[in-house]
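What follows is a pair of complexes built around chain A, which joins chain B in one and chain C in the other.
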Partner chain A sequence: MSSIELRNLSKSFGDVPAVRGIDLAITDGEFIVLVGPSGCGKTTTLRMIAGLESVSGGAIAFDGEEVNRLPPKGRDIAMVFQSYALYPHMTVFANMAFGLRLSGVDRAQIGERVRAAAELLNISELLRRRPRELSGGQRQRVAMGRAIVRQPRAFLFDEPLSNLDANLRAQMRVEIKRLHSQLRTTVVYVTHDQVEAMTLADRIVVMRDGVIVQSGPPEEVYRQPVDRFVAGFIGAPKMNFLPARLAAENGALSLRIGEGEAEIRLPASDALAGRLGEDVEIGLRPEHLSMRTPGEDTEPGRSFPFPVEVVEPLGAETLVFTTVAGAEVVARCDPELHPRPGDRLTAVVDTAHLHLIDPESGRVLER
Partner chain B sequence: MAAVLPDQVLAVPVRRRALSTQPRRLPESTWGYLLILPAVLLVLGLILYPVVYSGWLSFHNKHAYLPIETFIGFSNFANMFGDGEFWRSIELGAIYGIGSVGLQIVVGVSAALLLNETFIGRTFIRGVALFPYMVPTVVVVILMKWILNDAYGVLPYILKTIGIGEDILWLDTTHVMLTVILISTWTFFPFVVIGTLARLQTIDPELYAAAKVDGAGVVRRFIHVTLPQLRNVLFVVILLRFMFMFTKFDVIWLLNGSSGVGYYTRTLPIYTYIKTFGQLQVGAGAAMSMFMFLMLVCFAMVYFRVFRRDEDI
Partner chain C sequence: MIDIDWRQVFSQIALYFGAALIALVCGFPLLWMVLTSVRPDRDILTATPKFWSFDYHWQHYVNLFDLTDFHIYFVNSITVAGSATLFTIFVATLAAYGITRFRFGGRNAIAAGMLFTYMFAPILIIVPFYILMRSAGLVNSKLGLVFAYTTFSLPFSMWLLRAFFQSIPLDLEEAAMTDGASRPKAVALVIVPLALPGVIAVSIFTFIVAWNDYLFARVLINDNELKTLPIGMDDLYNATVTDWGMMMAGGVVITIPALVFFILVQRYLIAGWGAGAVKG
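Take a look at the complex of A and B:
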């Protein structure tokens, strides 16, 4: 177990920068998820921590000790790969034992540790099989077993679930979380799937174009995104973005959506006083719009018409889609409402959770 | 007139369609057989007939030119097994086959490993590496004869200049087998490179990363990742190369012909040729080629039995 620190870490491939000076302190036993779109530098960062990629600038330290020049085997880390990377000619047992064998652990202990890990992962009956005789989920477990037996300072996961089907992925997520709560080993986990990031992480680190955009507990990143990118990336279905203009009205703030299609009032705010008359973008999560049928009470200044265009029933909830001021808007809705395309509903906005975004910089504005 | 025209116009396409469907009445399977018939005839005429004819010849005493033959049963085979030169030719063939295939594998796999690395000019070097395989054998051998000549060859000159191996006479009786093996290795190793390189490029790089994280150095990564992945391709390459080399005629014959030195490289195919066309004992030659054929079939069967335990990877 170990703390990991990245100091101004950067990496370029030729002239192409992949990681541009990131700082991150991972505490002992923490579950960190690096998340971002492809090409954001998350995998490169992970491979640098593993020692599989050289460092172009900055430093990586384990427990305060710089490891920049240490090869992977000197770093005492274990890694789970996207393709699982099991040795195809070896049995499951040999796969899990390989690292221990190379580091000179004696046979009896190898057997003990492999069996213990296999039991933990429920793969004891697979130990004599070859990887090709296993299903995707079983291979995934073996890959994790190979990491666990090493009893490393840290686990590094590189998109370990992306080759599994949706059901299995959900199941393995729970399993990984349970393993972490049992083993309490530091984990750095890379994924492009924001659901994995939200469900697994103690702390999410959102990356884009080689820099860290935001890092924090999942709740915080979800509720208080720092910019439009994070707001749009975290959460499914995605946050809605609506163009609006900020104005003052009777001592309160008013947001005029599009060409006056709707108006939303907010309490006055000193922080926004300087932006009156300017264009802003409204960010609203689908759960912060509640649907009202015609005839129900709607509060003026907090709602806009919502002519339903598409309906996606998901069982526990139903998603309804419409277009407001040229932007697609999605809302979560009570399935008991039985919305149908063509229904003229009204969306009531939960203004406490409404984000205002600077359309130029993309930053979320203080309110 | 104007009323007749549309009928005529209509009639034409109808009749044409009827005509065009007629050949399709043949069942599809018959078409299939008809289409592969030329290939079948070629195989029968060019492969099966010579083999069967050779088998027939091996039981006859046949004059090389005249249409005279006498059935003599297994006498050709009895004579062959009693012939010391025959056994010697098998021994030389085995030395040549194993020696040159072994070297081709070592050189070919090493070259493939190098060419799989990233470096400037890799594509060009990859092309150049295949060059020896493209050069006609006769050109290779003539060049080699010049290069190795003990009087004016460039290799003995270079060796003499740097002061090693200056006394080696590459084409004399003691070294000629080694020389043939080296020339064959140079000519045919690209075959190994092609097969190996193609396989190397499909190995998942994450396997190497996993092995690095597991603590495997370069040698162990080669033993535990690369070699197992190459296993199947090497299995096929070794099998094919050994068969090709054991039956190899051109390199050896072009280098030594029926000269005195040639006696030291008289492998089974060479001896068979000499028997058949030199000594004009066609039946005896046919018996030897039948033996070579059956021997390689047995070799392949044993080889499969021993090395092809599992179909994995």
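Take a look at the complex of A and C:
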């Protein structure tokens, strides 16, 4: 096990910067998920940690020791690839034993460790097969087994679940989490799937255009995003964004949505005093809108009309969609309400969880 | 009642008939060679050749090894063709790997230019080649011949292996490296085994080129002790009296190693090794 530190790490491919000076300290045993859209530099970062990509600037340190110039062989890490990268000419056993053989572990111990890892992953009966005789999920397990038997100082995962179907992905997610709680080895996990990031991570690191936008525990990143990008990227369904104008009214703050389609009142705030009369963007998660049928209490100053356009029943909850001030708005709704397109509901806003965003910089404003 | 598609049956029959005909046309000279090699002299040069005769004997083979230096030529051919094959595989593997895995200026030009070397017929380059070899002191040596065959087979071998290496996912090599292999080990343990069909194809090509070559050996070799089979046989043919039975026996013995080599390696040529490596 090991701590990993990235200091002002950067990487360019020719003139194209892929990673621009990121700093990140990963503690021993931590499960870090690097998440972001395609081309954000997360995979390049992982490959630099693995030693598969050279470093253009800055440093990578394992347990305080710089490893920039160390080849992958000398780093004692194990990587699980998106494509699994199993050696097709070897059996599952030989695939898993490959790294141990290279490091000169004796045969008896190799057998023992491979069998133990195979048992942990439920692939004991596959040891004599070749990769082409395995299903996608089985290959995925073998790839993880190959990493586990080495007992490396860190596991690196490069979108390991993206080739699996949804059911299998959910199942493997749980297994990876269970494995980590058993092994307590440092993990750096790259994905573009925010659900994987939320469910697996001790700490999420959101990347965009080669820089770290935000890093923190999943809850924190979800509840207190630093900007519109993180707010929109983390969470499914996505956060709703509504255009509004900030005004003062009777000692309180008022948000006029669109052309006055609705108004929401907030307690007065010194932090926002300088922004009165300016345009802002409201960020609201779908679960922070509660639906009221006509006739129910609607709490003026905290609600707006919600004419249902589309309904998506998911079983445990139902998603309802409408358009407010030109923006699509989605809300989670109790399925017992049986909403139907055309229903004129009212959405009550949980103002405690409402985010105000500067439309120019995209930063989430202090309230 | 079984419904028979007669059109399909006839097309199958026609196909097999055609194939048998081609096999017969190609195989007949070989068969004639084998038959002649075991026939007494009086049956070979006769006004009415017989296809079958029941008077077979091995005397031509005995003569071939007892009365001529055939065994020397045979050993020379095996040595030269074998060495050229191993050397070509070694150099072509490294070159093809370098061209597929590293980025450097002129990489694509080299890859594209490889086959241009075959625009020149060997006979065109034989004189410059001889001068080159003479200044290197390699004329009249087996090493010179090995280099000659390697230069001739290398471009095609590199081109073929390059295509094989390109088809092997980079992930596999990187997986081997993160598993603790150095780059040479990753290549030797993961890449080369997967490119085995390509390596086999290259070895067949080189072996046949070297085994059959007459031109380079004729020009580069003078000593009888260094002659390879094609020029050795040619000299036997040009001897005062041509012993056709012995010539044919020589022909049979020359064919056998190439045949054995091909039978040994052809099963590795079957593709499909790569299946299951990565997603799919």
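Here is the rule we use: the second predicted complex is superposed on the first by the 367 of 367 C-alpha atoms of A that agree within 3 Å, B and C clash if a C-alpha of one lies under 4 Å from a C-alpha of the other, contacts with A are read in each partner's own complex, and residues count from 1 in each chain.
Here is the rule we go by: contacts are C-beta pairs under 8 Å (C-beta built on N, C-alpha and C of every residue); 3 or more make two chains touch, one makes a residue touch a chain.
In this text the structure is predicted, and so the values were computed from the model without any measurement.
Undergrad: Quick check on the chain A-based superposition: chain B and chain C, clash or fit?
TA: clash
Undergrad: Check the residue A:L102 against both partner chains and state whether it touches chain B (first), chain C (second), both, or neither.
TA: both
Undergrad: According to the stated criteria, A:K73 is in contact with first (chain B), second (chain C), both, or neither; which is it?
TA: Both partners, chain B and chain C.
Undergrad: Check whether chain B or chain C contacts more residues of chain A in the superposed model.
TA: C
Undergrad: Now for A:L134: first (chain B), second (chain C), both, or neither, which partner does it touch?
TA: A:L134: touches chain C, not chain B.
Undergrad: Using the touch definition from the top, say if A:N163 reaches chain B (first), chain C (second), both or neither.
TA: second
Undergrad: Under the stated touch criterion, which partner chain does A:L52 make contact with: chain B (first), chain C (second), both, or neither?
TA: A:L52 sits against chain B and chain C alike.
Undergrad: Given 4-12, 112-120 or 274-282, which part of chain B has C-alpha atoms clashing with chain C after the fit on chain A?
TA: None of the options clash except 112-120.
Undergrad: Go through chain A and flag every residue that touches chain B in one model and chain C in the other.
TA: Residues common to the chain A contacts of chain C and of chain B are 50-52, 71-73, 77-79, 81-83, 85-89, 98-99, 102-103, 130, 132, 146, listed in rising order.
Undergrad: Chain C touches which residues of chain A in the complex?
TA: 50-52, 71-73, 76-79, 81-89, 98-99, 102-103, 130-134, 136, 139, 146, 150, 156, 163
Undergrad: Inside the complex, what are the residues of chain C that reach chain A?
TA: 169, 171-172, 174-183, 185, 189-190, 193-194, 273-279
Undergrad: Considering the complex alone, what residue numbers of chain B touch chain A?
TA: Answer in residue numbers: 204, 206-207, 209-217, 220, 224-225, 228-229, 231, 312-313.
Undergrad: Quick one: which bits of chain A touch chain B in the complex? Just the residue numbers, please.
TA: Against chain B, the touching part of chain A is residues 47, 50-52, 71-73, 77-79, 81-83, 85-90, 98-99, 102-103, 130, 132, 146.
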